[in-house]
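One chain, chain A, links the two complexes that follow: it is found with chain B in the first and with chain C in the second.
Let's turn to the complex of A and B:
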């Protein structure tokens, strides 16, 4: 068989394989494999029964000139099936969400065309020349901007994630594991480079009244999405984001300008931002009273649970990606925390009996997705793989059982439990609860 | 007039503006503006003659439900005019290049749809299931991969630029400045997150013969693009890149797999990679003899000038972006070096008489584009703005005159001179030579 990364044997050159130290149960190998340079000799690709002549045959696409250059590129036609999964409330097509196909992606950046969506009345078609942003309320002087005026302010850029606080509850809080791909189950999280104007600059310019403690942010969609945000967050690292991954925001991400609150539940990063009112207290909008509160077993609800907790998920292998047979594989996944940087990700291949530390891809950034990777020698027997992230505050991603013991199953937001995938002897991967 | 960032006066709250220390001639302000938090009070947006009622009027897009969610997002229709500029050799549509519209972008990442292109016989339409990669030559055992086998190897991700070595020569080496936008003049550079398999792993597995010192990389396009690469680079940080900005490579960037050589002239990062032959010496292909050599005034040519030198350009203001009148503006630009990290970028607003240090956006990464920004109070008089980058090796971006004095005007690659833009009293920006 052609292919590589297969065998537990000496390398082709007769040297002993290096860097294949097992570090935890069921075939997990030391992360130094990803951290050193030019040091592997893991298995063998081989010509097998193929001759060198076959290997050098010209493929058909070398026999004809290729396609012309284009003003704006598209994906390969072989990749167009990679799509977000959209779901909407009954009777609507714009009140719902679409999920990033995490299992098809690698690295830290989410391509903007696959960034998750969550809308309450669809995507407005906003003329940027007609869009206005008002800052008023408890300020010395109300301010009113068009996009040209806003774009003259100093900007900053940051690579940071955004996650819907309802992410992962679909399976995490269900009595039985829900079948689905990694993206279908956990795809309400994405990571982009955001560029915009620090909100603090504008609030400082407006002049804050001493009684100011919150802001209300309002979107220009038909739902007029509104959320209250503590002034401390607004003055800390809140952005009025205008660019995403280098270009102007996509419509479904708030074009022409959105609020961006690093690490906070996604719903608060109000899209299509048209108004910021500085207030003394939260305005108790629908989205912070009837929704986005966490119902506890004793009937009380937690309110204003803003930061997204530390979390991780293995994106490969994951359901829908089949293992071709025993041998060496890369385990790849993503970790993030709304509280800061990811400090460590541990991986288990034996259902949590033993754990080993994965390699983190640099740069590890504040409130960004961090890619982790680990080499795994699968012996072909059924196995349960899982990941557990720890952030720089020391917060540890909890087990599902621990979350349910503490909060019950009637809360709907901020589920961050450890995800387990079961790899069958046939190489199929399924979602399980452990 | 509505709008902000305009006036040199006290802030609305009556506090004195902070952080507006002038640090170089003609209105350049200290970079701390971009580095501190919540500390600006630069000017004033104002409701002017507008009433608060007008400011809160509902725009038309709030009166109707928005568009549904989609499987794969598109840009706003108001942004679709942002396109690459394509040029091709006479009689062809696939032998040429397309340039990234740098003046329309912000941050570090180039959206994949706007990444520059340079092709020698168009973009091949490659079936990834039929694509093969052969590694042979001075190795113990030839290796042959399909994409599934290649994708099982350990991967790494890095945010790094790629630049065509012919970038910027269009105006830099012309006797008179060429009119054009920043992208038209300098847009053969882009920056992405690249994910792939370190080539060193595969070469180590193949087993290198002691006589091996170079590799030949061959593309699967109709031009069968080939370049020789020193083995030391191949074993250092070369990637077989499979993902770009999170998703699989775009066709014009080498789908399904390309060589990626950080910091080296773009032509060497062979796209649609089908073959690597390990050799004792460079193979002296067309692309390293008749092309991609630098003709000197004495008739000799430099060969194998691989790394791209330190460089920067101001993307805003730049030709096509008009200043609306005297007042405060953000100067924004990009800097990069094929030798390592950008250490410093200096900006002048008086044609090079005085310089001040710009703010660099973190993270500043090895061989990545680094965004720099500076606040500028334009007094409305004609001004010449320019930027000068220094990298961590101490290399300084040279003046155009110094390059021409050293290398003449008949070389065609690796031009990295300082770019000057002239801002007229009417706010128009044009390319000039200084």
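Let's turn to the complex of A and C:
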């Protein structure tokens, strides 16, 4: 099979393709392409588009001075159509979520304005000067912290993802594949640089009682949403995040301070944090009992399934991004794991018959989105492309069939199956189950 | 001065991911203020306030405060279905309600008090919340219509799905 698709196939531009090494079936090419000469090799096809005549025309923006400086920048007007897709419960406009348009983005960082949202009673308009955080319960001394105080504590910064544990179930657990873009199907995951105060410092200051084993975190939204969090996590790597991607948190991401629990299901990273109660046992809140528990085929449910498992998805090509014709393409996608670093990502272009290792874009960070890329020469025939991530613990992203065989279709949370896209002969990309 | 001891101990004993010094800017909280902020109800009933209510009383509160979003007798029109679904958890389309799924009756009180009604949270009296809790338990066939819910009775209610949860942590 190796090399079968290399034989003198003409590309869309009519020139013979370079002799690139195929590493898996149906045109997947060696990742060396990206590590060395990738940009030049992939970009070569577009150079012929500029005619000599057009190259001599000055574009209008070179004939007059541009716009003045601004106090706060905004996107190019040609990009304003890139929006989150919002859905809300009937009769409400702030109880629901919005999804990141993953197919429109690159790299590892999600722009703050496109970070996914999940709210239970809208976005509160919190005056930071009137906001206080209370730590109480099984502590030596209950303490209030205002934002001025929190801002004086030592801070750390980390690039890490948040994923709603309900992400991807819309298609993964549906009997038939759901039509939608990558963001519509998988956009409840985003990755940011979070800066804030390690929660352990404040818990130490309050003084933990030996009987303490959990904390309850409460938001200052109109739902006063609460989740119980193991004290071990709170003392390990929990942050009180104040900054996101260098600026103060966006209101929809918890302004002025949120809990951030790396790798755990997003609902636990309580936004608009106003209270932490140190407890001996979990409080069995509505969110951790009636929601965010995973219903199994035998009628029992898993409770406290906190970490988000290893996962990946190809963001390009993906539904809505059609291929212009046969030729060289870059397969680009994102991989992440709540258990640690992404170790490798494998890509298939023949529906899973053969796989090749994709290039991971540095930096590859603990519990962060990792960008992977793969060169692909599409021969113009229908193809099924998919990605499979493996994390540093050895956990492998499972096939959809394997998950359903083990957990049924009603568990609703923590679905991390392999996503397949079918590329049609017309270049259209659609969601399929394999 | 009182708080300095645990901090010193922790500096030597704690081996968390962060070894940072604290500027100690927390302001001691007045116990009465803490009590006003602390609205949590534990599964053992800890935190339940004084007061009481029955399903009969709750039906009247429900009609005014809940019916628009949750439908007649909690049938879920428009939003979350609150009643029924018993025995459906192994079905292809399980119906997860308070009666069929929720493991603790105390969670009903806690959730209504902190989050509901959606447009006017924190406006119901404790008696009204007890009454609503009783009404929802009654509609689900878990308690009798005239059975009053209070700080003693509510945590004693055994929810049908209570023993069907498997702890993945610790």
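Structure notes:
Assume the second predicted complex is superposed on the first by the 399 of 434 C-alpha atoms of A that agree within 3 Å, B and C clash if a C-alpha of one lies under 4 Å from a C-alpha of the other, contacts with A are read in each partner's own complex, and residues count from 1 in each chain.
As a convention for this text, a contact is a pair of C-beta atoms (placed from the backbone, for glycine too) under 8 Å apart; a residue touches a chain by one contact, two chains touch by 3 or more.
Just so it is clear, the structure is predicted and the values come from calculations on it, not from any experiment.
Legend: residue contacts after superposition of the two complexes on their common chain; A:405 is shown touching neither chain B nor chain C.
Once chain A of one complex is fitted onto chain A of the other, the partner contacts of A:154 extend to both chain B and chain C.
In the superposition on chain A, A:224 contacts both chain B and chain C.
Contact with chain C, but none with chain B, is seen for A:299 once the two complexes are overlaid on the shared chain. Of the two partner chains, chain B is the only one that A:127 touches; chain C does not reach it.
Using the contact criterion defined above for the overlaid structures, shared-chain residue A:105 touches chain B, although it does not reach chain C. In the superposition on chain A, contact is made by A:144 with both chain B and chain C.
Legend: residue contacts after superposition of the two complexes on their common chain; A:207 is shown touching both chain B and chain C. Of the two partner chains placed around the shared chain by superposition, chain B is the only one that A:255 touches, whereas chain C remains out of contact.
Which of chain B and chain C touches more residues of chain A: that partner is B.
On chain A, the patch touched by chain B and the patch touched by chain C overlap at residues 92, 121, 134-136, 140-146, 149, 152-154, 156, 198, 200-202, 204-208, 222, 224, 235-237, 274-275.
Those residues of chain A lying in contact with chain C across their complex are 89-92, 95, 120-121, 134-136, 140-146, 149, 152-154, 156, 198, 200-202, 204-208, 216, 218, 222-226, 230, 235-237, 274-275, 277, 279, 281, 283-286, 289-290, 293, 295-306, 409-410.
Residues 2-3, 5-7, 10, 14, 16-18, 20-29, 31, 34, 37-43, 68-69, 78-79, 89-90, 92, 94, 96, 98, 101-104, 106-107, 110-111, 114-115, 118, 121-122, 164-170 of chain C are the ones touching chain A in the complex.
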